[in-house]
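A, B, C and D label the chains in the order they appear, each numbered from 1.
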Amino acid sequence: MHPLSAPSLAALARRYLSVRNATADLARPLSAEDCTVQSMPDASPVKWHLAHTTWFFETLILERMHGAAHRPFNPAFRVLFNSYYNAVGAKHPRPERGLLTRPTLNEVFAYRRHVDAAMGDLLTRPERLGAEMQGLVELGLHHEQQHQELILTDVKHMLSRNPLRPAYEPSWPLMKIAARTPAWMRVAGGIREIGHAGDGFAFDNEGPRHQVLLRDFEMAAYPVSNGEYLQFMTDGGYTRPELWLSMGWDFIQANGVRAPMYWEDPDGEWHAFTLHGRVRVDSNTPVTHVSYFEADAFARWAGARLPTEAEWEVFAVNAAEGAEEANFQESRMLHPVPPRTARTAPRAKQVFGDVWEWTSSSYSAYPGYAPPPGAVGEYNGKFMCNQYVLRGGSCATPRSHIRPSYRNFFPPDARWQFSGLRLARDA
Amino acid sequence: MHPLSAPSLAALARRYLSVRNATADLARPLSAEDCTVQSMPDASPVKWHLAHTTWFFETLILERMHGAAHRPFNPAFRVLFNSYYNAVGAKHPRPERGLLTRPTLNEVFAYRRHVDAAMGDLLTRPERLGAEMQGLVELGLHHEQQHQELILTDVKHMLSRNPLRPAYEPSWPLMKIAARTPAWMRVAGGIREIGHAGDGFAFDNEGPRHQVLLRDFEMAAYPVSNGEYLQFMTDGGYTRPELWLSMGWDFIQANGVRAPMYWEDPDGEWHAFTLHGRVRVDSNTPVTHVSYFEADAFARWAGARLPTEAEWEVFAVNAAEGAEEANFQESRMLHPVPPRTARTAPRAKQVFGDVWEWTSSSYSAYPGYAPPPGAVGEYNGKFMCNQYVLRGGSCATPRSHIRPSYRNFFPPDARWQFSGLRLARDA
Amino acid sequence: MHPLSAPSLAALARRYLSVRNATADLARPLSAEDCTVQSMPDASPVKWHLAHTTWFFETLILERMHGAAHRPFNPAFRVLFNSYYNAVGAKHPRPERGLLTRPTLNEVFAYRRHVDAAMGDLLTRPERLGAEMQGLVELGLHHEQQHQELILTDVKHMLSRNPLRPAYEPSWPLMKIAARTPAWMRVAGGIREIGHAGDGFAFDNEGPRHQVLLRDFEMAAYPVSNGEYLQFMTDGGYTRPELWLSMGWDFIQANGVRAPMYWEDPDGEWHAFTLHGRVRVDSNTPVTHVSYFEADAFARWAGARLPTEAEWEVFAVNAAEGAEEANFQESRMLHPVPPRTARTAPRAKQVFGDVWEWTSSSYSAYPGYAPPPGAVGEYNGKFMCNQYVLRGGSCATPRSHIRPSYRNFFPPDARWQFSGLRLARDA
Amino acid sequence: MHPLSAPSLAALARRYLSVRNATADLARPLSAEDCTVQSMPDASPVKWHLAHTTWFFETLILERMHGAAHRPFNPAFRVLFNSYYNAVGAKHPRPERGLLTRPTLNEVFAYRRHVDAAMGDLLTRPERLGAEMQGLVELGLHHEQQHQELILTDVKHMLSRNPLRPAYEPSWPLMKIAARTPAWMRVAGGIREIGHAGDGFAFDNEGPRHQVLLRDFEMAAYPVSNGEYLQFMTDGGYTRPELWLSMGWDFIQANGVRAPMYWEDPDGEWHAFTLHGRVRVDSNTPVTHVSYFEADAFARWAGARLPTEAEWEVFAVNAAEGAEEANFQESRMLHPVPPRTARTAPRAKQVFGDVWEWTSSSYSAYPGYAPPPGAVGEYNGKFMCNQYVLRGGSCATPRSHIRPSYRNFFPPDARWQFSGLRLARDA
């Protein structure tokens, strides 16, 4: 990453404030109690997210800038809010994050203010904050945006476990809806390039940019909708082993899965729990909260397949509609929605936002990939095992966080993210 | 139970207020977050205790008094705050009590006020509140006192799991300490009577009063102290299988137990986590937070045994010092303490309060015992399996809650209650 | 125990041969494969039983007699076939007994012959085998008889897990059946004595003989039959929580229990798997393979209760029919059977043999009990926790093994023994 | 697959006999007991392997050829010995394969003879056994060869769990050893083809043959040796989290892994349990029984990486020494061995045989892959999730079973196969 000149350091400082404030805003509809509880080991309390994103700046930037002179806000936080950085040292056990009633939510906000003040000071001093550290600040902000998305998915999971089915935000924004006209779009194969290019920020796992060899293929113009998914269900999708990966079949048997996560049909009609409470399942909305197993089984049932991540990226770069159409966190929909405008060929709809799209690609290193030295080297590389890549961002992703080369990844049984799919097939 | 006349109904109303307020007082040092988290399936959140004790009055008294006309505060609470009453219907699963961030703590206090107002109204109307219902009110208050004790033990467990080791109440009350002069006290055997007698309140499991046949025996004048327990530890108590029940040996192996619960020796010196934070282990204080297994092993090591509950009760009735000496919840010590006055023969010290004393008696029905009909029949009888009886109350027990015939019971591996022991031996 | 004179040493030698041969006979219908597999941690492979009973004589008698001069058959067996004697040293883990394909069954029989030869030599030399060692031989033979019963129950469990439902012994002996005329029999209370008396062999846990105080009570003249138990089932016995201990209700929910173990109704009619294969459930046969939880629930449903072990013993001493009527292992029925003769007042039927009868007594030490020193002190005492006493022996018990004072014990969820019940009630 | 003419049907019949006999030979050193036990859910009893491979011919060929006229050897076997074919119907649960003491080993051999006779009859009748069925016979034989390898690895695991550490085959064949001269070998990138080509047998997952785009890379001339692996261990390989995938680090922590599977150092010197019993670890022998996690960590420590499966295949096709050098099952070494001849450039050593080599490739479908219809479609495709590809065969693989395009696959924590690694690096 290149050193930033003073004017762009000011831009970085503005962005710092903006991202940090957005995080705090997400906690606004929540009580201190809501922010404390951990509803499963995969999810974290909101309070922990608020503190850990702050820990990132304190431990990886302030502590390193100040060296021995650094006065920690609270020395215990170094361990308490370390997520998985072995290079930093000990960590509070992940499944016990929900036992931490102290520090209180107020104390965590004080921690945020304390670190923000120190960061604000640094961000006015180009002579001290060199290029590498500015890169780390940028990384810290993208890191925080990832946790913004997790705050929403983790709170959703926690609220869903409460029989009162409380809403995170009761009202829905108004919106207009357009007709949905499914179609296949052809993409020519050959040697293509994928991976991050240019000067903008990207995570290490998005590079190096490199050539891939693709065959001709087709992609669906829309993500799979609830209506299409209901057809799969009606056709016995969850009861036909021939449609499933062996591990997926075992998973749905062991967990009694018979619909996407958060779907319920207490009175014979499908409803879904959303961040706005329980709503009737809408046919034109992209299906979400499906595992890789379900995405894969649906694709097999439909006579299609999931795209590879290389196919997805080539397609997205060339055929996605403008990002201004996309349903990101900023829309406050907080749920996928039907397309809001008609499709204009040759553009595909809802490539970005709404739902993360599972690809068939196991998450692995690009050719020539090497993680950076130090703690931030643990950010991505060490998770390249038994996870599958998702692309495109979701309704919970901040708009400024996503790129065509962005690689999200989750284990194949993960369902609590806003995960959906788009079909591909051989041309 | 006999009908109460109007004057004593007033007394019942006063007692109602006093017990209910005492519960709310226990939550005062705690944040909403502290009141929400569940640190293990055996423990419950404070908020749940606050609501469940209220549920008891609403469901078993108000609902029954008003019949179909009853307007519940919130219909969902009937399931949410049912502990284990199958006769009432469905129950929220016990291990998921800590997922309930809603209702908030404030809403639970509103629930308490609502029910207290309705109960206050009833408690002024002797013509409506007959003898049986007055008995249920009394039961509800003793039920609430049991939960007061659990609030303290459950909060203690939760705080202990936080690496910050926060105190529930930082300061200790002042107190004086007296010398400790251990001695054996002889009790003559023969046919004796145990079980509740008289008009006062007692749980169903304390009766019927009945004859037992005892042999001559001796009891220790003091409960076992930390100093005595440390001798057991120093003598290899936790590493000598011949001292242990087979199941106890497996338990300490599987859980790495090598000291009472809450003891730590990070720097080679034993400290204990208390509701006032971490303190050095004091030799003259009764040992607490030991399981039945540890109590049994200690007794074997000491060449003695645990008393049966009949022995304990006969001893307590005849030899206990006055209850005014006892360290109950009201002392705000919230931890066992050394004896505060010298022993005056023929009285034993610390029979009541300080620590519950494990007996060798498996919890079972007295001859002729039958639980009452209806939901309250589930209060005690159905738990008479694989639990052991403890006697005497602890530093967390309200003074007005305990009696010589009182039978507490926990599984033999339970350690988070204020449980200790007193030695017995054959005469 | 008193020293045996030469003539009775000869009797002991004869008994040794007889018991040891009876064990080997039990393995006769089984293949080497049948003798190797362990179908659950609670059960052991037949090969292990054959070796462990031999280990008892080698380790506790031969090794002690010969001291340093002892030449073990195979030094590894000392660990491999130690069950739970910490005083002897290390043990092969219990759940891994079924991994031992070596030694082979043939090698284990060679081990038995080797030890039998050495024991046979000792048993001709009264000058060497003093009273204490003769007592240990007697203990070893009773120990072996316990394992004979376990061989049958463990093989039954293992065969039941095979979808081929193979029979241990296909044919049933012929027998005649008598009518069953249920009745209550009254027993007067007062101070009575229980526990082993006299010179014969008894386990340490059967003493000391001591006084108990009983109230007047009644006992059923017959154990509960399948027909009676089917009435309980038809009346919703397994679906009514008010009939169950809380722990029992959880147990049947978690395990889907809705009938005694080994019962199946694939075509709507109840069958039971027996050591002779699958048979139709017979109404007049004592019910068996029920847990303490089921026995307790049945008794509550029937408006009665389980007897205490003191009540059972006083009743058995006074009212049992002659042992010659009893269905023990020697009958080769290997299953409980209906009464074979009519009841002759004042005698009760089937008190001994057929099925072990659950009592309401938690297994604990009699007053004044102390286990013997050394390894054999681990035989009984250390298991006195969370188990319930059964009395009377079963169709799998050798006749010479049982006594009125005999105390068997199992956890309340154990079902794979031949366990049934007899009702009691207050007079 | 093309129809076979009569002469080649005769060859198929000969091959049938040869493969089937080789399987039976593997059971020869084992007792019936050895063949019955299952030492972990991932492994199966030898008896089950013997029966399941026979089931394959009976169910997928004989039953299909004869239709309704088929008389099964034992109707229960259809369920009992079905591994994972949902299209065939119900299956006996995998973790309970070790409970099947019946059928006995002798009965299973009778089952094999019965099916072999019927197959022998078919294999003389080209007019009845058409091309598709002949292809299924070929598949069945390759299937059986896979189970031959599993018999060896599963028996090894089972024997290793016995404290007696019994040998499968006590003696080792004699062999000569050559010096080992490590080197890197360069392979030019570009568009290359991988996947099965030609008329010979291959599994469906080896096709379609397709183009891949490779960059220049280098491969090690030898697999990693024990000596090299010991350097990794000495350098703290198992204690440095930065060398490990996150999931791998958790795996070795949770399981206390600090050396390859089957390694022990009771007296400070490393030994390994082999099918010939326990031997000292030899420096020049390829390391084996390492998980993907360990292979990956070793490669990172060595400043190299694992090859992709495409790299491995291109390398193997061009640079492997002749298969006559390879250590396959037929050598009866039953363990990897040092190189037996010096390396002759430009050939690499031990590419085939000795140890399966982990690649970095997640097991997934080749472009255009579609499983065949029917039960055999479940052979490979449904396992394409969370597994990693291994290449080259091992000392337990039959020589006629392996090919350059052969794709073996196991989860990343699997260690009981003869799995090792060969290093790659960017050129």
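FYI, contacts are C-beta pairs under 8 Å (C-beta built on N, C-alpha and C of every residue); 3 or more make two chains touch, one makes a residue touch a chain.
Given the structure is predicted, the values throughout are model-derived calculations rather than measurements.
Shared contact partners of subunit C and subunit D, listed by label: none present. Between subunit B and subunit C, the centres computed from C-alpha atoms are 38 Å apart. Per-chain Cα centroids separate subunit B from subunit D by 60 Å.
In terms of their C-alpha centroids, the spacing between subunit A and subunit B amounts to 47 Å. Chain contact topology: the protein chains form a single closed ring, every chain touching exactly two others.
Those residues of subunit D lying in contact with subunit A across their complex are 84, 86-87, 191, 211-213, 215, 241-242, 244-249, 292-293, 360, 362, 364-365, 367-368, 377-378, 382-386, 412, 426.
Residue ranges of subunit B in contact with subunit A, taken from their complex: 31-37, 39, 47, 76, 79-80, 92, 96, 98-105, 158-159, 161-164, 166.
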